[in-house]
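Take a look at these structures.
Next come two complexes built around subunit A: one with subunit B, the other with subunit C.
Moving on, here comes the complex of A and B:
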């Protein structure tokens, strides 16, 4: 078994299994938690509208803090949107999802993916530099932050090298790229990357609570 | 009848003109990316060279490699090869049979000891004492060791002799191995492919006869001149890959327009061979040009690398059941964790 066979075979299978196990474990564990009884009288009949509203409003810089948060939020949006385009728009990735789920959709031109990858990579480097240079952020950062950054950065970087056939033989680059994705999948449910699912649950819960209490969202 | 002593004399004897001979040398030098002056050097060396004694052993194989060589588009090339070498033993091509053939081989091995080139096609079965393939009662394993002893070099023609090939595929019932798994003390060149391109076989033989040594090899023993690039690197459909245009089925509009076959499982990006440049049938076409993805036949273990029609970016096998088990396990673990938490909360509430 060569490296590519290992990457496409056992590595990917077990990484995907750990990924779905971890995701479902954490989501089910959180969703089934006992909620504290609220004896106050509800000020609004429904709370789901507040949940959606808060998810939207908290995803946008507040006017009062816009000056201070605009840069960080912009860079954050750039690499998040970039990652979505790369993961769901590149033809070989769509084939990967097709093999797993049977779902298929049209791919974007490779030039768009290449440009997006370069921008995403640059944005990821910017957020790392900011984290290392900002005194408060640096103080707040721990292993989880840096490792989560690394397992996000590595698939983008190795993916670009693979497409460009640069630095090593294609099969080696492809194997390293798939292994970096496997590492991402394994780490995803247990580190801060899980925010991609939990962010909606936490904001939605807060929004629902605010709506019930009649607080401004 | 006395055979001409040198290749030059032999070719002249056969009516091959100087112009044809130079043309052949130029083609060979060009195929192997040798410098411009190499064609002249090759012509000079070949015309003075003695015919190279070659012993060709066929083991656990389908004869496709010999078919490839003999059914080459350009007979002139093959004629050159057969007049350049003294093919002293080849079971498929020789007229002699039985003890006469065996004694011819033994005689050639004896008279050219230490000088002959040993060509092998087919893998070597090693299980149960190698009984799964024998010739004249001698196992392939023993025959190879005996013939390799007096060889100047060995050329493993085809994927079977190079890496085990199809007989080596899981579960490998005969314990098939490659030549280099058995012979460790001789220079070995692998010319893989199922079958290899005739011009690649001819080119590597011409190089050995000209320079008296094997050409530069890659990390798995293949001549770099033919196996340095992937099929994908040299594929005429590559621009469509770069543009993200892929055929979805073998007869859709994309396929008819010559779009990339990556999505249909083409192994061109991971396969090193000269198919896309030299092509087959005298340069007419190659599998991708004929509408089918590359199978990766010149790579080790190509038969065990998943379906030919599964794209390279997808998992090797269908693992839905394992992932489904992981999902169910996660749901169960989450439910148990939440249940324990609820129990703990109830316990705290009772204490209050």
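Moving on, here comes the complex of A and C:
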């Protein structure tokens, strides 16, 4: 078994297993915890509307906070959108998903993917520099923040190298790329990357609780 | 503590060369004589008890983006990163990950999250108490929607169990539990006050009526510092011709048990009001101009009672708004410009945002809104018990300057709010900065301008 076979075979399979089992474990571990009943007289009975409202509206900053948070949110949006375009718009990725699910959709031109990848990497570097230099972020940051950054950055960087056939044989580059994705999948349930699922639960929880009280959301 | 004690605990290094003088030691207060190991154990037990589904969701969700700092008056006023709201919960988060999270076993076995130490808890006392009013502005900026303020409230439970509460806050909470009021407004003092206020102002102030449709309550700050609020409440309720009363077994709505993190004391204080209202056979409990009292009874009261309350609960501003809108309260128009300070626990976190504005409209005033207003209003800096903690004064004054700028920018002639704790903080800030603005009470404004029937 060569490196590429290992990456495509056992590495990816085990990584996907850890990914699915880990996510399920973490979500179930939170959601099955005790929820106390609320006997207070609700101001608004339709608290689920608040959950939806907060899930949607918290996606952009309020006017009052815009000045102070616009830069961080913009850079965040750039690399998140970039990652979505790369993962779901690149032809080889679509073939991978087709093999996995049978679903297929049109791909984006390579030039668009390349440009997006470059912008995404640049945005991720800005994010890292900011985390290392901003006093608040430096104080808050721990291993999870830096490792999650690394496992996000690595697949994009190795993907670009693979497409460019730069630095090694194509098969080796592809194997490294797939292994970097495997690493991301293995880390995903344990660190902050889980925010991609938790964002809906956390926002929804506050939205529902606050809507019930008529509090600001 | 004597001067000698202070010198031995925090020795001055005046004889040392200037460059060798260290930063002052972190100062913290302790209650009781417990060994450190036991303090940590008690804190951990309380922390773990509070890790329900909601707290766990929040503690799992933080992405360390730091945006909460930008919403916090203590961070914005100082730019000191330690005042970042979510950082104030670091030991709480650490305890969660190690003791209760889905991967706690891994964190413990591999020691990836260290045990919380007493030194951490001592150092965090300032962050959990002195520099957080639990105003919840940070909750509104968090991209994950984490309600950081509620987590600080929970973290205070563990700190209280460990006997690590700022002493002034602990002392007033203890006094409230022992005497029934944090500021000495015992049932006897309260009844005496009601009696002389009734005489002085020629107004009927019923206390301890056997049966009443409405039970009114006061905050100790009003009873001791702003007694005109008692008169104002009586004038309005009499004006409406209601069968109402104060009850000497349930008149004090402040809840320092809640603010200091003592759940048992919180429960005891809340149950007094609940039992008094039930004993009077009342259908309505009116909460006074006090922010945290509103949260304690309106939103937490029924949960402490264990079932829905058999009566309605309204903040005085909501009560005034209802009766202004239905025409029962008629007031003379106020010929002044005015701005309104939203008390965080009533507006942002309590949901009674429009009520005071409806009352002001009844007075013929459309308030000049501050730039960040309603739910996004900046806190006065004194809530959450902070105003009682003397060592927090310097940082509180810095935060208060944000508020002063907000108010000054409106150019309004009058400044009004519906929380006596905010009012007290504004009065103190006015004195400190020799400011030309005096905080007025919405309740008193209505009472002073009632139209005779």
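Just so it is clear, the second predicted complex is superposed on the first by the 217 of 217 C-alpha atoms of A that agree within 3 Å, B and C clash if a C-alpha of one lies under 4 Å from a C-alpha of the other, contacts with A are read in each partner's own complex, and residues count from 1 in each chain.
The working rule: contacts are C-beta pairs under 8 Å (C-beta built on N, C-alpha and C of every residue); 3 or more make two chains touch, one makes a residue touch a chain.
Since this is a predicted model, take the numbers as computed values, not measurements.
Under the clash rule set out above, the superposition-derived model of subunit A with subunit B and subunit C shows the two partners fitting side by side. Shared-chain residue A:15: touches no atom of subunit B or subunit C.
When the shared chain is aligned, no partner comes close enough to touch A:121: not subunit B, not subunit C. When the two structures are aligned on the shared chain, A:54 is found in touch with subunit C, with no touch to subunit B. In the superposition on chain A, A:160 makes contact with neither subunit B nor subunit C.
By the touch criterion defined above, A:69 reaches subunit C but does not reach subunit B. Of the two partner chains placed by the overlay, only subunit B lies in contact with A:23; subunit C stays clear of it. Once the two complexes are overlaid on the shared chain, A:78 sits clear of subunit B and of subunit C alike.
By the touch criterion defined above, A:195 lies against subunit C but remains apart from subunit B after alignment on the C-alpha atoms of chain A. In the superposed pair of complexes, A:181 makes contact with neither subunit B nor subunit C.
Ranked by how many residues of subunit A each touches, subunit B and subunit C are led by C.
Taken over all C-alpha pairs, subunit B and subunit C come no nearer than 6 Å in the superposed arrangement. For the contact definition in use here, the residues of subunit A common to its subunit B contact set and its subunit C contact set are 25-26, 28-34. On the side of subunit A, the complex with subunit B involves touching residues 1-2, 4-5, 8-9, 12-14, 16-34, 90-93, 95-96, 98-100, 107-111, 113, 165, 170-171, 174, 178. Within the complex, the subunit A residues that touch subunit C are 25-26, 28-41, 43, 54-55, 58-59, 61-62, 64-65, 68-69, 72-73, 76, 134-142, 144-145, 190, 192, 194-195, 198-199, 201-207, 209-210, 213-217. Those residues of subunit B that touch subunit A in the shared complex are 230, 232-233, 241-244, 246, 262-263, 269-270, 300-301, 304-306, 310-320, 322-323, 325-327, 329-331, 333-335, 337-339, 341-342, 345-346.
On the subunit C side of its complex with subunit A, the touching residues are 51-54, 56-58, 60-67, 69-71, 75, 79, 81-82, 84, 86-87, 101-103, 139-147, 298-303, 305-309, 312-313, 347-353, 372, 374-376.
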